[in-house]
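Next up, some structures in structure tokens.
Each of the next two complexes has subunit A plus one more chain, namely subunit B in the first and subunit C in the second.
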Partner chain A sequence: MIRFIFIRTIRAILTALTVVTTTFVVLRVTGDPVQSLLPVETTPPEIIELYRRMWNLDQPLWQQYVGYWQGIFHGTMGRSFVDGRDVVGIIAERIPITLELMGWTFVAMLAIGLPAGIAAALNRGSWIDRLVMAAAVAGHALPGYVMGILMIWLFAVELRWLPSSGYGTPQHLIMPVITLATAYGAVIARFTRAAVLEVLGQPHVLAARSQGWAGHTIMRREVLPNAAIPLVTIIGLFLGGLIGGSVIVEWIFAWPGIGRLLVTSVAGRDLAIVQALVLLFSATMIFANLMVDLAYAFLNPAIRVRG
Partner chain B sequence: MQIPTLSSAALTAADTPQLSIEGLSVAHRSAPQTQQVSDVSLILPAGGALGIVGESGSGKSLTCLSIMDLLPGALKQSAGVVRLHGKPLAPGRKGIRGRRIAMIFQDPGATMNPLRRIGPFLSGLVKLHRGLTGAAAEAEAVRLLDSVRMPAARARLRAYPHELSGGQNQRVMIAGALAGDPEILLADEPTTALDVTTQAQILDLLAELRAERGMGLVLVSHDFGVIAEAADHVAVMRAGRVVEKAPADRLFSFPQHPYTASLLASIPPELGRASALTSRKNPPCNRPSNATKAIGLKARGLSRLFEARGRVRVHALNGIDLTVQPGEMLGVVGESGCGKSTFGRLLVGLDKPSSGDIRAGGKPLVIEDGEAFRNSRRQLQMVWQDPLSVLNPRLSIGHQIIEVLQTHRITDDTQSRMLELLQAVNLKAEHASRYAHQLSGGQRQRAVIARALAVEPQIVVFDEPVSALDLSVQAQVIEMIADIRDRFNLTGIFISHDIRVVRYVSDRIAVMYLGRIVEIGPADDIYHAPKHPYTQALLSAVLSTDPKRRKSRSILRGDPPDPAQMPSGCPFHPRCPRAAARCRVETPALQAGADSRFTACHAVDVETSGRHWEAAA
Partner chain C sequence: MHFSIRQSASAVRQSSPVLVAACVWLGLMVFVAVFAPWIAPYGYAEQDLLLRLQPPSFAGGPPGHWLGTDHLGRDVFSRAIYSIRISMAVAFFGALIGAVVGTSLGALAAHRRGLVEEIVMGLVDVQAALPFLIFALLVIAFFGNDLFLFVLVVGFQGWERYARLARGLVLDAKTRGYAAAARSMGLPLWRVYFVHIGPNIAGAMAVQFTLNLPETIILEAGLSFLGLGIQPPLTSLGLMLNDSRNYILLHWWLPAVPGALIFITALSMSLIGDGLRDWLDRSQR
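Let's turn to the complex of A and B:
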């Protein structure tokens, strides 16, 4: 087990190193940010030079790279190219806002997906199963922006029940959370159904029935714990997808979180912020993956016990 | 131990059978006219042992599951009634499952919840059926493990199923089945997933438990040997129907139904080697290219060390010296994990030895990429247990053979050569256009063999080629292999865990144990007069339907060995009935004996001549 944790952690660190370097390279080779920020024709060359020096763009690439690493370790990721504020500060104030959205979405998607998937598996082939599967396909196929805009039209414009966009009250949360949770809950439902069906077909469930255990005991003791192992993996990997999904949803509902920050920064070529956000997203994904691996090992005695 | 309350009722009504099935039919829910089991009636006399035997798909397991009302969701019992002491059992079998009738299954590893330790598994059942909790339940769990002869019972309580061997897991399942003190035990292929030696141990355990507890047994198996060993009444099933029911002695001595008779006749020992020899009347198959002479194989000091599993070193092969003569068929037997497959893979160059070398036809076997390797791969072919995994699902059989003929530029007339090959393996021309999934198991294996023969190999390694096939099909495929080996002038290695099968096709047999050859010699000599204690044990684990051969059995103690934990001295000494002090420190070498036999055993070294094992029996 210790050996397993060690190997996985090393792997996560290596992945992180690669990502950090790739981010640096990709963002530098796509063009000089100063040129795209300032109107080149009308700006005097001295001004352009001044900006380049301010953001260290005048240094050779390797020096920039070293400086970039130093920045990561000191928690200083430079200043916004647009308004000159500290990047870390800008991002830090947005994080809780996005976390609030993601946290509720996570809860909602499990609350929808798990019971629906289990119910479908237990009633395989019945109308319940067909209903859940049809809903899951629809929920997954419907793009987030379509669903979002439809909801805004219905609940905000026509019925005037909910605020169409913004942030602050619990009412503001409802539509973004539903939009995200529908898509991911649908996938969770399908995976849950498949995982439960898989375990239901295993001989140890038949054996438990032959031993005289009641159905709910078999569910609690044989089926759910064994189905949880693949599910934990999938759900962990979803954390990454959730971040991607939140970009769209935050934009539609004007939710002032990280996703929206990313969109505005990319549009404004605010290199410093984009770079920091990419690193943040990657770090989250790598961390989620590591947690999934560890959870998997912990849940699985065949890995946990061996060592 | 308490006497089960109901057995007294059984004694008073001696003529009511303990368990009876009347007119049982099982059908698909969606298509009621397609019956998987039709009109089956069976009786288990009180305390008796009823064997249900048949080939795969004959409905024997469904019959057994119906007793517990545990049919898979897509099927339902469409007619019939199951009675316990004359009383019909209610759907759901409440109060019956695990308490009055218990059940064990085929693959003991898979029938246990991988997330539960043995202790909670057993004490949970004790609590469910007897209401004991806490320390009392745990004590009972230990007692149950003792009663299934599990060594170090208390220490096992904390083990997970994956930490136990297959045989040990089956013991735990049996212990669990005994928790409710049932009067009947249903066993569905309880030993099929186990090694022959472990199978013998489990069957002995079942017999002892029956005697101790007066428990009735319903045993389902495809293996007549197992049924003959454990049942006193036998029902033979075919395509969902019972074709013959009789007391065991009578069924095995005087089978009435032709199907029973043909199944019994296809058991390898009864076939004998003679019929294989007489059947070789087909003319040698002419080779289109320059006919090649058979070549021999020579392995020297062959070892293979795996270091994959964590830091554990697995000595899969330990210094094997062996010569296979041109045109000879060498059989290789041994328990699971003894290194048979590793040996086979090395011989065809699919894997590299850690040390030692192999020569094929006098030339060293090169395992490198490029021309030399392709050529040597052409000379050497391997046939595996599972034909589906090696056949291309998207190409017809004929197409696949032609493709091989073209790649290796064997002949220009690929079409007629392909038909010849199909004929050589007893497939018809019409099979050429079929896809793998459209063939039966036996036909698929024939197709694989035809494709292997297409490159005109000189050496073919067969790794368990018939183990996945039904008994009657096994016999045909073995016969076919014996036949092509002559016609194609092949040198062959035939690997199997079943010494009866090996003996039938092989000239010589090598017996492997923990990566070494412990005995090698002419097939009939090894089969009839084994000298090494391990070979003797392997042979005595062979179950026979012939009551005369079933008397003297020396059952091997302990589990099949783990090559990651190599014992000192003679690798067999922890299980050997004749182990002496010397065996623990000194590893015996293969010593030449009379009539080209070699044995690695200190006890055999000192004997002047081998005891005639079968004559003594």
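Let's turn to the complex of A and C:
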């Protein structure tokens, strides 16, 4: 067990090292950011020099690399190329806004996906099963931007129930959350169905049934705890999907979180913000994947031996 | 594992009407993509500023534009045709890049083992740690946006899954008798891989390819929707959808056409991918 945790942690650290080094290298090989920012011909050399010093571009490469790491640990990631504000500050004030969206989405997608998947598995082959599976396939092929536009057209334009975009009231949350949650709720339903069906066929469930246990007792004590194990492993997968999905959804609904910040920063080539966001997303994903691996090892002893 | 025409034909006969409809739709899309310039009545950038935001013919619009016109008076039908061409081309060539790169790296890892394998699988881990949309945005932010680079970036989507799959399959194939036999007969390495191992893993790779296609379409349209993919005056389904956002209030057909095309095409592709996978699973048993 300790060996397993050790190996996994080392792998996660190596992955993080690679990501940080890659963003550093990529940022430097794409040329002098100052030149893409300022008109070279008309800017006085002192100003260019000043900007260089501001982002430590006048130092040798290895010093920049060391400084880059120091910045990450001190929480100073430089200043925005566009408005000169502190990058960490800009991102920090938007993180709670995105977390609000993601948190509700997470709750909503479990609330949609788990009951649908369990119902489909228990009524295998019935119309419930077919409906859930058809919805799962369709949900997978319906991208967030199509779903989002459809929601805006239906609920904001035709029915006039909800504001089409923006942030502030609970009404503003509804459409973004539903847009994100249907896509992943569909996938969760599919996984839950498969996991429950798998457990239902196991000997211990058949034994419990042959001993005359009540159906809901079997579900609560035998089926659901065992079906939960494979579901834990895909949560890491979902986090990645949620991060990508929230970028699109925040863009459609003008939700002022970090996803929208990423899109505007990419469009404006504000590389200081882009690299900080990429590091943030990667760190979150690496940490989540590590936690999932460890949780899975606790839940399923057989995996520990393999390392 | 060979795909013979007789087997494919019987697979089609056994399959559901939904799957047949998906195949027909995809065939239609490929046809439209190939023959777009002959099908479209107008050019994709041809403007008629006197006929802006006209509704479709069947909803009371002018007879010449049967899906209406957009905010610059461009024919929606013609733009949809050209968008299908661009989106299908980007998806197909993109998915091909990912398949070739991923499969080669995976096979290389299985062939060389040791340090090479560690490096390849390490890269796979890094790629899997980063949501691909974020990775694509990063590359576009750093290197700017041109069509060639964009196809390349979109193409890399999913390479890590091909790499994992190919590595596993090649490792498995190496333990089978036929590969060892081919090797022991002194056949050159390329023959062992391309003539003996290749055809045996081709089925699984083809399934992965069809499952990857809809994701590539959705990624391409998504980046174009964010305004960071295909750039005007060129057109794409995602770009059309993005253009339409400001006109939803009164002009429903503008988002409806590209939205429905993206959804139905991605749905058809994943249905075919699922069908192909089930069929392959059955025929291997």
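To be clear about the criterion, the second predicted complex is superposed on the first by the 284 of 307 C-alpha atoms of A that agree within 3 Å, B and C clash if a C-alpha of one lies under 4 Å from a C-alpha of the other, contacts with A are read in each partner's own complex, and residues count from 1 in each chain.
To be clear about the criterion, a contact is a pair of C-beta atoms (placed from the backbone, for glycine too) under 8 Å apart; a residue touches a chain by one contact, two chains touch by 3 or more.
Just so we're clear, the structure is a prediction, and the values are computed from it rather than from any experiment.
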item: Contacts of A:T18 with subunit B and subunit C, given as first, second, both or neither; value: second
item: Touching partner for A:P225 - first (subunit B), second (subunit C), both, neither; value: first
item: Partner chain in contact with A:R124 - subunit B first, subunit C second, else both or neither; value: first
item: Touched partner set for A:R3, first subunit B, second subunit C, both or neither; value: first
item: Partner chain in contact with A:P203 - subunit B first, subunit C second, else both or neither; value: first
item: Partner chain(s) touched by A:R52 [first = subunit B, second = subunit C, both, neither]; value: neither
item: Touched partner set for A:Q211, first subunit B, second subunit C, both or neither; value: first
item: Touch count on subunit A, higher of subunit B and subunit C; value: C
item: Touching residues (chain side subunit A, partner subunit C) in the complex; value: 11, 14-15, 18-19, 22-23, 26-27, 30, 137-138, 140-146, 149-150, 152-153, 157, 164, 240-241, 243-244, 247-248, 251-252, 262-263, 265-267, 269, 271, 274-275, 277-278, 281-282, 285-286, 289
item: Partner subunit A, residues of subunit C touching it in the complex; value: 122-123, 125-126, 128-134, 137-138, 140-144, 214, 218, 221-222, 225-228, 238, 241, 244-245, 248-249, 252, 255, 259, 262-263, 266-267, 269-271, 274
item: For the subunit A and subunit B complex, residues of the former touching the latter; value: 3, 124, 202-204, 206-213, 221-222, 225-226, 299-302, 305-307
item: Touching residues (chain side subunit B, partner subunit A) in the complex; value: 68, 70, 73, 95-99, 102-103, 105-107, 110-116, 125, 128-129, 160, 162-163, 173, 176-177, 179-180, 186, 310
